[in-house]
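For reference, the structure I am asking about is given below.
Order as written gives the chain letters A, B, C and D; numbering starts at 1 within each chain.
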Amino acid sequence: MPTILVEVMPKPEILDPQGKAIANALPHRGFTGFSGVRQGKRFELSVEGEVTEELLESARAAAAEMLSNPVIEDVVSVTVAEDQ
Amino acid sequence: MSAETPLIAGDPTPQAAPLSGARIGVVTFPGTLDDRDAARAVRLGGGTAVPLWHADESLHGVDAVVLPGGFSYGDYLRAGAIARFAPVMSTIITEAEARTASPLPVLGICNGFQVLTEAHLLPGSMIKNDHLKFICRDQVLRVENTGTAWTSQFTQDELITVPMKNQDGQYVADDATLKKLEDQGRVVFRYVGESPNGSRNDIAGVTNERGNVVGLMPHPEHAVEAGYGSDDATGLREGTDGLTIFTSVVSSLTGGNA
Amino acid sequence: MSEFNIDTVENAGATPDTDLPWAELGLKQDEYARILEILGRRPTAAELAMYSVMWSEHCSYKSSKVHLRQFGEKVTEEMKKDLMVGIGENAGVTDLGDGWAVTFKIESHNHPSFVEPYQGAATGIGGIVRDIISMGARPVAVMDPLRFGDIDHPDTQRVLPGVVAGIGGYGNSLGLPNVGGEVVFDSVYQQNPLVNALAVGVLKHEDLRLANASGVGNKVVLFGARTGGDGIGGASVLASESFDDAKPSKRPAVQVGDPFAEKVLIECCLELFHHNLVEGIQDLGAAGISCATSELASNGDGGMHVELTNVLLRDPSLTPGEILMSESQERMMAVVTPDNAAAFETVLSKWGVEFSWLGEVTDTGRLIIDWDGETIVDVDPRTVAHDGPVYERPYHRPAWQDQLQSAAFRTSAAAKHLPATAEELGQAVVELMSSPNMADKSWVTDQFDRFVGGNTALSQPDDAGVIRVDDTTGLGVGLATDCNDRYAYLDPYRGAQLALAEAYRNVATAGAVPLAVSDCLNFGSPEDPEIMWQFAEAVRGLSDACMQLGIPVTGGNVSLYNQTAGRAIHPTPVVGVLGKFDDVSRRTPSGFQRWADGQAIYLLGTTADELDGSEFARLRGHLGGQPPAVDLEAEKTLGDILINASRDGMIDAAHDLSEGGLAAALAEMSLRFGVGSRTSLHELCERDGVDPFTALFSESQARVLVALPRSEELRFTDMTTARGFPALRLGVVDAESGGIEVTGAFADGSFGISLDELKAAWSAVLPSRFGAVEG
Amino acid sequence: MPTILVEVMPKPEILDPQGKAIANALPHRGFTGFSGVRQGKRFELSVEGEVTEELLESARAAAAEMLSNPVIEDVVSVTVAEDQ
């Protein structure tokens, strides 16, 4: 079944408390070398049948209107993943 | 920083140690919310509450540990995900799993339960409530296992009411784990009535194989004092069903059966 | 070190003719002229940033100041008796006895909550809680008076769930029980929802801290979250401080809160207070560092010298002006003696809180801010913090006010067919209770932690939130917030008084002795003389009423410009009253107890024909006439009766009559624990000369229903008689019937409402709109 | 600045309440054609300097131990994204 992937991240200029908490915790576990962390969302929309251009357009619209909050988030990508 | 630093500034000085001598540690992570309530419950249950600080590996010789509710390190990632790696947790994990006759009794409430699953001291995990909302209400539970360090003074299948308040309270585990929990009688508390969160098998609390580690989502420490407990037939917030958890552990630690 | 040009004081002196974007920053021509006059030169970019935010309506109260003065003027010595800190500080502080004190305040976060409901509401809670911490207090509870548009409007569908989740998401993470608030729906709040937040904190007298920078040589420290570009969206003109090649800059339109950071900040500050490590402290809210430095300096020894490059940044592209204006959340500024600096750092490290030393207190009378060693701000801090513009805005009574007030409900088309038969009246009660404003609000309040801390003695849906302060003695406080915007629209003077009267009554009904007032004045544009009149009338009404009730206003907030496309909200002066319990275990719950079968139900107070602005009139789509009469002497006597009855253990339930009148109070007392009642309106109608419809739905003030054991009836009525206060036995609690039965002077006997049915209708209203909570 | 992307999804057999809520809401907003939605997480770990194999290994470990809970989640991918 094909899947449409939608990736959403907090806008770069917006505080990301989730990423901040992880960034603070990583070094305590010996994971150094990362200068920052941001946490976003990944959606898998499953499609029965084929992914038409129309459906992809619909996914883009859903990403912009429902899956992300344009005030604080950016839709990073909307792509098709076969055989997820 | 030394353990002498008071965890909560301006708190009344701790009460004098009662005779029982059961010393029960209450862990404070930076985002812990219910530590003072848990300490109060320990005191009312007849024990002495000993504050434990997340960054301090030492358990200061306590006889049992409570991991209270809250948002340990913010819990933005997953509830309890980061807390599990705290220095205090490595000692707790070692002592709770010690192959001794009496491994450390540990109780995780709400976020504490989440920490215990993340630390793999208890099986399964918690995900968002099925309705996706935070829910605060009084909850009826059935006590199905009275063999743990924390439930010995309940009667089998006793119904109790305690407050519940969480957003990530839906207990999940794979089928094999659920079967094992059920077969071994390790479901300690089960939700009665309409499920508050969609938990598998209405599970509200479980224990490990040895019965020293118990986790539950609702809050017994909020039902230990009349007037500030759960609602019951005698009146507004008069219910103190949660106290039995704390008298149970004090009694099992002091060898009494009172 | 920076990519941008730094506009230094020296540079400003050398380039007097540079055009500055003062208008874009919201300053008026004459305001800019004042700045030139104060400085004797053009301001630097950073100075302009400071003046523009600090002289904004939000920070300077320029439109409201002349009116707010009444709160400080209309006070007696008696009213000041318990007041430890009055208006002007972050929050007022009131003595509670036994060495304890309490501080509380309401603020608004209306517009941000419209733009981004979750974060707007969340950061609203964060901000008010920091005000409480900055007094040296441990926050112990929050409340949230909320107003939304029509329940079925798409705007409400978007805003309400987000606001509620945001208040819960932030407040629940702080360990502060949410003990009350309001949820009101009215189309006037479409696109202008009101999100007000109240926080209350307690402290020992010796822990009191004030926002002042005293002690020359003491160090100034900024701690908590890093500074980002939050809340400076409109000020991006400052992104290029040379102003001629304004490069596009990305600045967040909304602020995102980090409740975990705030929780840690609370504990960290309390530990600092406990070890006496700070001399003065100020939260960072509106106007950020501009506000904190200028207020600390002008309230202290008058001078401060800081190096702005020391500020820890989240976004390194910020210019000095933007850093000064940034409203990033979860930050505090403190003044620390050099001797305490090391201990201060130890406490901050323990809690993992970042900090940076910015500079020190001086006695120069100047606030000097350097950027990499060069002076970019050199001002008298008082001119920034206190000498902002003050407007005597013109105001006049709207021409339509008379017409509005003469459009009484009784004579309107809406009153053509009023319920009169038992059946009609019973149906009207159900209809009333399943209207959005009267409906069960647990869809909202179940998303808030009411129990954390183990000190909550009463919370929603009781009349007041009640919190124990001292475990050993039971000393505690009760709080209520109220406002009926419809009354305030019909008559702002009286409406503000009615808001106070209701909050006072609620607190007393729970058994607390009212002590202090905080208010949040939500209005439309002050530039509209009719709105300004509403504002002036409300302040006059509230201050007069406080004087009569003998309780001072200790702080509050003004929110203006709540209007869209020329349509303003109703004037909404939300009033919070705080009261004291010697022992909170005496608190009176608002419902009939399960074991109270057969207890007597008394109505205290008298009922007149007062339906204008009522919930019943709203049901019929009518708004006009005169709001109910205010009788503050009666409120005082009534309060006294309830407080004594609670203290002496005479009554087991009490509930005040407000929106929906007797019908609503009877229904709510039964719905609380599912315990019914049997009452008769016969005597009431006869005594007060009203018909059964009026008896049920009129909203006359100074009325309360109580339930008490028969063994206490004599003692209780002796007390009411001695005080000359009307008390009428309406009937009895009936724990068996499972219904509300009312007989009266109706043609056709009595009506009965099944509690199951009523409860189903009453509790379905919000879930049917916003989704069921349970799976 | 190079970024390491970590993608985490709820295990297929675990109910995903957030994904379910979105799937239920999509048709109401006119987005039909999607038979299911799952919501996971996307982390951006920023790296100063070069992404060495060692650092990538460290990111994989962090993904497995901290950024995901193996009881309920799978790490879907750990990849390098230049110029995010």
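What we mean here is this: contacts are C-beta pairs under 8 Å (C-beta built on N, C-alpha and C of every residue); 3 or more make two chains touch, one makes a residue touch a chain.
These are the chains along with the protein names UniProt gives them: A, D = Phosphoribosylformylglycinamidine synthase subunit PurS; B = Phosphoribosylformylglycinamidine synthase subunit PurQ; C = Phosphoribosylformylglycinamidine synthase subunit PurL.
In this text the structure is predicted, and so the values were computed from the model without any measurement.
Visitor: So which one's got more C-beta contacts, B-C or A-B?
Guide: B-C
Visitor: Roughly how far is subunit A from subunit D, going centre to centre by Cα mean, in whole Å?
Guide: Taking the mean C-alpha position of each chain, the two centres sit 7 Å apart.
Visitor: Please tell me the distance, in whole Å, between the geometric centres of subunit C and subunit D computed from their C-alpha atoms.
Guide: It comes to 41 Å between the two C-alpha centres.
Visitor: In angstrom, rounded to a whole number, how far apart do the mean CA points of subunit A and subunit B lie?
Guide: 35
Visitor: Hey, what residues on subunit B touch two or more of the other chains?
Guide: 73-74, 76-77, 82, 85, 129-131, 198
Visitor: What positions in subunit D touch 2 or more of the other chains?
Guide: In subunit D, residues 66-67 touch at least two other chains, as defined above.
Visitor: What positions in subunit C touch 2 or more of the other chains?
Guide: 258-261, 352
Visitor: Which pairs of chains touch each other in this structure?
Guide: Going through each pair of chains, those in contact are A-B, A-C, A-D, B-C, B-D.
Visitor: Would you tell me which residues of subunit B are touching subunit C in their complex?
Guide: Per the touch definition, subunit B meets subunit C at residues 1, 5-6, 8-10, 12, 30-31, 33-34, 36-37, 40, 55, 69-71, 73-76, 129-131, 133-137, 163, 165, 167, 194-198, 219, 221-222, 224-225, 227-228, 231, 233-237.
Visitor: Report the residues of subunit B in contact with subunit D in the complex, numbered from low to high.
Guide: By the definition above, subunit B touches subunit D via 77-78, 81-82, 85, 117-118, 123-125, 127-132, 170, 172-174, 198.
Visitor: If you look only at subunit A, which of its residues touch subunit C in the complex?
Guide: 10-17, 20-21, 24, 69, 71-72
Visitor: How about subunit C: which of its residues touch subunit A in the complex?
Guide: On the subunit C side, the touching residues are 115-116, 119, 225, 228-230, 250-261, 314-315, 328-329, 352.
Visitor: Give every residue of subunit A touching subunit B within the complex, in rising order.
Guide: 17-18, 21-22, 24-25, 28-29, 39
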